[in-house]
Each structure stands twice: as C-alpha cells, then as structure tokens.
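After this come two complexes, each holding chain A, first together with chain B and then together with chain C.
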Partner chain A sequence: MRWSVRRQLPAGKQPSALLVPSLGKGEGFLEAGGLRSRPGAKMANPVPSACCVVLAAVVVVYAQRHSQQESHIQYERVGADVTMKCGSMDWDAAVTWMANGTDIDASHLNGSYLILKNVNLTQSGQYSCYEGSSWHLKYQTHLRVGTPPKEPLLMCRSNNYPKGFYCSWHLPTPTYIPNSFNISVIHGTREMVCEKDVFPKNRCHIRYLQLFSTVKYKVTLTVTNALGKNSTTATFDEFAIVKPDPPESVVAKPVPNNPRRLEVSWQNPSSWPDPESFPLKFFLRYRPLILDQWQHVELSDGTSHTITDAYAGKEYIIQVAAKDNDIGTWSDWSVAVHATPWTEEPKHLTTEAQVTETTSASTSSFMPPPTTKICDKGAVVGSGAVAVCWTAGLVLAAYGVLFI
Partner chain B sequence: MLNVAGDLSGDSWGIFTFLCAALCNLPALPALNCTEELGAGQSIQKTYDLTRYLEHQLRTLAGTYLNYLGPPFNEPDFNPPRLARAERVPSATVDLDLWRGLTDNARLAANYRAYSRLLCYLRALEGPAGTAELRHRLGHFCSSLQGLVLSIAGVMSSLGYPLPVGGPSAPPGTPVPSNDFLKKMEDFWLLKELQTWLWRSAKDFNRLKKKVPPAVVTLRLEARGF
Partner chain C sequence: MAAADNTSAALRRRDLCSRGIRLAGKMRSDVIDLLDTYVERQGLDASASVASVEGVPAAAVERWDEQTGTQRLLENLAAYRAFRALLAQMLEEQQEQLGEADAALGRALAAVLLQVSAFTYHLEELLRLESRGPPSEEGAEPPPAAHLSLFERKLRGLGVLRELAQWAVRSTRDLRQLAKPSPGSSSAASLAESP
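Then we have the complex of A and B:
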C-alpha cells in the first residue's frame, strides 16, 4: 500500500515530495512504516474505508489550518482611527476580538469590525479575531502605532583627512516603528557611494577620490517608514568638515624638584592617517581643580609641553585638543588627566639658600590650604607668613647683589 | 641689492609692495637675484606664512566682491555646477596619490603657474570693479599675491629648479563670456579657485618644509631674463 498526502505549495515551486493516495496502482514510494504491496495484490475490504477516514481527517485538519489568515503587521499613526475587519467574515457575524490575549469588550465593536479611535502607543500589540461559537481564529494582526519620521539630523565629518569622511544621522524623536535610511552623496556631477558601517549602524563613510576640490559635496539623507518619509540635505566644502579626534594617551607628570612644573605629553589621534603631511596643532588647557578659570596654550608642533606656572601643591586638571594646522575645526577635548606638581617631603625644611626663584608674587587670589606653612619657592602661604617670606626674599636679593 | 631676507614683519609687506610696483612693468616675471644667503627652509616657511596671510585676506575680499556681484553669488549655499569650458586656471584639484608623489620641483612649479595665472586674471578684475574701496582692496591683494609668486620663485631658485616658462597669458581658444551673468560666474569660479589654491599651497609647503631640511643654506646667483 502506498500512502501519500498532497501538500499545497507556493505557486511556481515544484513539489519535492509528493505523496498521493493510491490504492496499490501507479507510481508511489515508500512511506515510513515499510508497507509494501505486492504488485497486483488484492486489498482486503476494511482497509479502503480506513484509508478514507484517515484521508478525511487529514483534509479537515488541513482546511482548518489553512482557513487562518497569515499573521501580518499593520502600521497606524498616533491619533488615527483604526478599523479592523475580521478577515473574510461578514459584518454581522458574531466574533470575539482579543488584544494580547485579553478580551475586548463589545463597545469597541461595530458588528464584526473592531474600531479603535484615537490610537495611542499603548495600544500596539497583537489583535486576534475569533469566530463566536467555534472559537476558530479567523484573523490576526500586529498593530504597531507610530509616527511618520520627522526631519532627521545629519552630521558629516572628516576625522581622517585626507582619506575621506563619514556621515552619521539620527531622528530627533522616535517613531516607534521600523525606519529605513537611504543616503546619497553627490559631488559635482558624480554620485559617490557611501559605504554603510557595521557599527554604529547609522553611519556611512566615503573615500575621497580627489583632494582640494572646488566643488561642494551634497549629502542627502532620506528616512522612510510605513507612515511617511522625510529627508535632509547637507552641503559642504571638503575642508570645512575636517575635525580630528581628540589627542590620545594624555599623560601629565610632575617634574622632580620643580614645584611649579607639570610635564604634559600626548599622542596624535590614531584615526589621523598622515600627521607628517597634514600636521596637527594642539590646544592645551589647564586649571587647578579648585578654580574655574582655564589657562590656555596653543602649540603649533610637538606633542608635549611643560606647564611652568602651576600653583605648588595643587591638583590640576589638564585637557588637550587638536586641529589640522590650516583647515577645519578643533577636536573635542581629550579625556581629562589629573596631576599635582612635585612637592618637597614635609620633614625637609627648605633653606633660604636653596631658593632659586624668589618670585613668589603669583597672581593667585585664593586662600591656600592651611597645611602649607613652609615658605618654599613658589608656594603661596597664609597671610601671616607672607611678611616672613618677603623679608627672606629681600635679604637674599641683597646678598645676591652684594656678592655677584 | 634688495634684501628679502629677514623676519616676516610689517616692514616686509612694504618691501613686497615696492617690489611689486617696480616689477609690474616688466613683461616677464623675473627670477630673484640674491646675494644674501637664503636658507631654502626659511624661504619655504615664509612662503607658507604668505599663503596663510593671503587666505585670511581673501576671506574679506571675497565677501566684498561677491556682495558686489550680488545674489545668488553671495549666498552661502550657492553651489553651481561647473560649466564645461576651457579651464582658465590650472585646477588645484588633484588625485591624492598623485599629489603625494609629486616631486618638489613639480609641486613648486604647479604653484608658481597657478598663482601667475590667478594674478593675471585678478588684475583684470580691478578695472571694472565697482566701488573705489573694492578696487583698492583688489589692488592690495594683487600686490600680496605678486609677493607670493616671487616668493615661490625664490624657493625654486634656491633649490636650483628652473622657473616654468610661458607668460601668464590666457590660453588660446578661451571663450569670451557672452553675457553679464556668465561673466559673473567666471569671477565666482576665479575666487573659488584662488581660495582652493591657497588652501592647497599651505599643504604643499607643509610637505616641502618636511622634505627640505631647514639648515640647508644655498647661495644661488642667477641672472635671468634681463
């Protein structure tokens, strides 16, 4: 006996396995079970009726399963009125609607249609419609409530000049439904391909084919979702978007035996491909933690600098930024580093003869911490000891004048 | 002899202006005739500084001139397509690898040719330009630009390269703009090319600075042309 069940396949596809009920004649093949009929054997009488019963059961199950709609997704705008029909059921059919497994009461129904007025985001979910008596699932849909996209924010920047630039984008407000982005870059008459980055997702990069172009780049970003679309355009010159990444590995160290110095060093950002031909200049800012005002130093070359006017014993916060020597804008500030200038060991009293810098008339105007009582060079001490310091300084100056 | 060595200060601009005025009457651009030792590295640095100065000057000049041309030329978003026509000025745009691979001579020569041409066309703007103030600004800029050309010539001389031949005259077959708008378009592109060249030159001279050691001192006496 050969068994077979016909399965309905999508149009255009050839069935790979066809099992067709047959009664011993014609082609067929072995089903699991190992039934094999001898060609020409006569069937016993109860077997054909058993076949029919099983066949009928199979057909019913199949019909039931196939009567369900494929589950699909429905997108609606926030505030809209949504009408859901229960598949192919008539308007006056008795149906029950459920939202995420919870019954919906009849006040929302108009016949067999479900009416949702002024939908909001909380009404997103799975809606199912069951035939009243048989409780057969007639229709199912996922409702996703969202908004059409607002104008996206697009930013293009070259942190690896002269290799190329990247553009990144995001939506100012969420739409709550999936969005797709399409970006196009036009340079003069040529359309360039912006390769999408794997991470982060909303970013793509372009390689420059030519340098020093007189023609601007025009980047258009279009965002589309099921409820609408929006776009934005950015037009810029090659040199206008150059902005390096901040300098890396900023290190600040005290200088031994120099209570007013801090040695700061850093490295070119690793994303900048050619610092030899496209040198960077740097901007250093520093302040003691207890003050708000920064001091600034601009450095046209080199990746280190010594601060020489630090207040002794005060913890400093230091940051560095970078910029192409000639074009573009400053990078963001680097990670801040903290450092305190070298201070003497408290048990060693500094003798006056060792003071080489007598100019302790610093421009500070803040109150020093009470622990600093020793009048060593450069230290700002309490008001009571200032007179002593000045006297000592004057005495030393007098000695110096006499002996030199 | 004219002393063109020394620190770049306010006095140097006066010297350059005098130089420009004296040499404006000559048919061909002359080579520098220096008896002073001129470090090539120093010259390069000065030329670099000059390009930065000119770029700064151009910003104001371009703003004023584009306002004189009127809309849409003075709109910041103005991004017209480049009309297909004979290039008046050699374009600064270049393939990255090609630019990297340029020899010092080729690099300097490209700059020299470009600025010579640009100077010539800029001078042509001076006549018909609108207000007296604009004419004055253009004139001042032209003088500085002349100084740049001479500075580049100086660098080439001190490195032993020959100056590119060929006067800064319009190439044959250049179409004359047919109407007022097209003429303004040409002016717009001229300023754009000038801006791009100045920005490219900064990079060119940065590269030259690295390749020519600053301690090189060369004594070059060349009399050419007259």
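Then we have the complex of A and C:
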C-alpha cells in the first residue's frame, strides 16, 4: 500500500484533499471523490474499489459539513485585539493559519491561536486554520473590522403638504459593516407607519392622518450593527417641516423693443399636490453676471414676473424659490437661468443694411440678429428698393455736379 | 331673475371668502405675536406642551379634504364663538391679575378678540348666504375657570392661543375651498355640496 500526499492550496471554502489508502496492486492513490491511477498500473478489483469510492464520498461530505460548521462572520472593532482559536484544536496543535489565501507569519501565533493586535480595516477578510499534517480545514471565519454607529443624522420634511411627509437619514461616518435602521413615528398617543421607500433606501414616508394639529410629531431613528447601536430623535410641528421643492421649468426671455425688461415664468413644483387649495408664493432673485448683489422680489400669486429694471445689454442670472402661502419655509433656489434684455441693433450708415428683428424664445443669452449687406444673396426682402434709391440719388448727384 | 340672484350670491360669497381669508391671515399673524408676548409676560416656557383643555376647540381634523362646505362653516363658526368667549375670559382674568401693570398684553388680547368677533360675523354671513342661517349660540360659554390655579389658567391661555393660531390657518384653507367655483351649480347648492 502506498501513501501519497497532495497538498492543495485552498480556494474559498473548498475542502482540502483527503488521503485515502489505495487498495490493490497499483501505485495509484485516491483523491477525495474519485479514483485516479498512474499510467501502466494494473486494474484494481472492482468491488473493493467501489467500496472505496463510496467511502471517499462519505468522507468528503463529512469534511464539507465539518468545514461549513466552522465558517462564520466575526465582527470586531477597529483597534481591538482579536484572538482566533482553531476550532476544537488544542493550544499546542500544529496548525497553519491563512488570511485570504496567504500564509500568516508564525509571529502572529500563540500556540494554535491567531493573535491580531490593534486590528485595522485592511485586516478584514477570510481567515482559515488548517491542521498541520493533514491540512484539514479546522476553522474558517470572515473577519469584518468596523465601528459601532455614531448618532445618525435625521431630517424630516413635507414637500407634498397636505398629503404627508418623509424622513431621511444617514450616518455621519461609515461603519464598514452592515447596519440596520428602525424608525418610529409617534403623534400624541398614536404610532404611525413610516413606509420605507424602495429608493433611496434610507428614506420612508408618512401619510398625515390629521391636519392642523398642535400636537408635535416625534420621530426616533435607531441604527444597529454587530458592534453597537445609536439613535436620534426629532420632534416637530406639522407646519414647521413644510418646505416645497423648487419651482420648475423656469424660463427667462427678453421683451422685444424693451431694453430693460426680462420676462420670467415658472411652474409649481410637480410634487406639490394641490396648488389651488394650498397656493404657493414665490421669491425671485436676479442679478447681472458682472455684479454680486441680488435683487429680490416676493410674489404672492402668479407664476410669472417681468423684471423692469435690468441693465441694458447685460446678461442676467435668475432664480426662483417657493413657499406655502401660510406655513413652513422657503424651498431651495431653482436651477438658474440666464437671459439678456433685448438690444436694438445699430444701423450701418454706409451700407443699405436692413435689420431683421427677431425675438429669441430660448433661455440662452440673447443673440442679436446678424446684419446683412445690401448686395448679399439672401438679403432681407425690401432692401433692394432702398438700394436702387440710393444708387439713383448718387448718380443724379454726380450728373448734377458735372453739368452745373 | 333667479340666475341674477345666484350670480349675486356667488359674487357675495366670493367677496366674503376673500375678505375672510385676508382677515384670517392678519389674525394668525397677530395671534403669533400675541403668543410671544403672552409666554414672556406670563413667565411660561414657549416649548411647554399643553394637554387638550376642556372647552378649547381643537383645530386638528381627519379627512379634512372630504368635508362639505357646510361642515366647514359650521365647525369654524362653533370654534370662533368658543374662542370669542375664551378670549373675553382671558382678558378679564388678565386685567384682574395684572391690571394696568401690563396694558400691552391687555391691548393685544383685546385686538385679537376684536378680530375673532369680526371673523365670526363673516362666518355667520356665509351661512346666511347658504340659506341655512347660523345656529344659535347656546352652549358657547366657556367652562368656568375658577377652580383652576393661576398656573393652570396661564397654561390654558397658552393652549387657547395655540389652537387659535392653528384655526386661523385651517380657516384660510377652508375659505379657499369654499371660494372655488363649482361647475354648473347654484351658489347655495355649491356651498352645501362643495368639499
């Protein structure tokens, strides 16, 4: 009988190869799960070989189950000292530890125990322990180094009053390990349901069951991970958290023949459900790009406004914000739009230029229409008659000078 | 003739609603200022929570959007009649307690009481337009406060003003709903049927 040892470098959770004595006269050896023989060897007796195959299969299953039982996730705090035992192995057993497939230096071992001092985030990974001689996998764990959660940041807001409000949260610093969040909403004696949003995941929304209540809402968020937990509470009135989204589709355009005017229009935010019953008021700010100081206008109704004091020819930046007419706070500023008031194109005295007045309907900077020369192709209709008159006049004047 | 009457009533209703909305807005603004003054002069904590007090109409309502126009008017009227009586009681207590030492608080209370009275009249007029007429004022008197300690009366006053501020917002919303034109119906019917 011949023994042969094959050492496999473990990959993931694969069990190591097992040593099984081969039966029969050949020099073959058995690997877990199969029979392999060297070329030229004589054939073994089939009945004992079949028994060996079955036996090998049973051993493999046992080894797999055994290795799986020892594999788990272990969470440790950054800076902690971690001691890993090699399963049920004695302290003085000969073992080999590996981290993510790489041998760990014996200096980290105390007997068969693995000692990791002052662990840091880079030491997260899979740790495996193998019995020295047989290379049996005796223990495996996934070490996750992280931190307990700090106090989460919680924000609640109603951008769709009077339908409801939402709360969103995040951690000020990452924990590097999985966290779970639990939120509770209390209104008086009633606990309300906060329905988790599919996206983003750190948000949930609540439907108002009552309106115009003086009773405050109390929202408590608890974050938990394997290393600890933390929580925060927000208490607020129904009106205090009302903050619409910014106005949408802001458009600014010049007013023809008015060098100091800009016409601005916008729409209610689409998230505001009933602007007729819950009207918004608006705040418009504008300034020329060359200046830092904003001009402000508050508008109690309507979704348009004409700026009448713009500097002629200067490009302006314009933004709008919204607020419920009666309660809450102002929205963030809308996306900025740019516009330049209408300017009259100067007439050329030496050419028969005919300026075509065009009104730009875009939100980009107002572009003066191009001037065209009288003799160019595509000249504006009507310029030919003027050219004839000028030419005729010059000719007549020349004749007059000659014959006088 | 009937159509002209309906148009006239609709215009009258819209006018009353518009003026009522402006009055409610001014009232709320003054009540909020009064709250600051009251908390300071009475030595209270502005964030103190006040449990619901008997006789103080709570503005909180469920299914507000499903209410009919008549419901809105009747609930508003009952509330402001109660506030009128409560504010009169507060004014009397304040004068007994502080007298001329705090005339400013007394004047502010009186001004709000006047606005509440005016708003009550507006609501009664709107109900008359509905051809319902306002209900009688039986039972509008506030419960006696003689059994309450001084501190309890102060807290009750805080509760009254807070609820009044909420009611001013609710009334604004209610009047906007009432002012909405109903398609193809008379003014009286639309007031009765409008949500």
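What we mean here is this: the second predicted complex is superposed on the first by the 275 of 404 C-alpha atoms of A that agree within 3 Å, B and C clash if a C-alpha of one lies under 4 Å from a C-alpha of the other, contacts with A are read in each partner's own complex, and residues count from 1 in each chain.
In this section, a contact is a pair of C-beta atoms (placed from the backbone, for glycine too) under 8 Å apart; a residue touches a chain by one contact, two chains touch by 3 or more.
Keep in mind the model is a prediction, meaning the values are calculated, not measured.
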### Query
On chain A, do chain B and chain C fit together or clash when superposed?
clash
### Message
Contacts for A:F181 in the overlay, against chain B (first) and chain C (second): which applies, first, second, both or neither?
### Response
neither
### Query
Which partner, chain B or chain C, is in contact with more residues of chain A?
B
### Task
Answer with first, second, both or neither: which of chain B and chain C does A:Y166 touch in the superposed model?
neither
### Message
With both complexes superposed on chain A, which partner does A:D326 reach: first (chain B), second (chain C), both or neither?
### Response
both
### Task
Kindly classify A:K218 by the partners it touches after superposition: chain B alone (first), chain C alone (second), both, or neither?
first
### Touched partner set for A:E276, first chain B, second chain C, both or neither
both
### Query
Who does A:T189 touch here: chain B (first), chain C (second), both, or neither?
first
### Task
Using the superposition on A, tell me which residues of chain A are in contact with chain B and, in the other complex, with chain C.
162, 209-216, 239, 276-279, 326-327
### chain B-facing residues of chain A, complex
162, 188-189, 208-216, 218, 235, 239, 276-279, 325-327
### Message
Can you tell me which positions in chain A touch chain C when the two form their complex?
### Response
162, 209-216, 239, 276-279, 326-327
### Summary
Per the touch rule above, chain B residues touching chain A in the complex are 52, 55, 77, 79, 81-82, 91-96, 99-100, 189, 192-193, 195-197, 199-200, 202-203, 206-207, 210
### Query
Which of the residues in chain C end up touching chain A in this complex?
25, 28, 49-50, 58-62, 64-65, 159, 162-163, 166-167, 169-170, 172-173, 176-177, 180
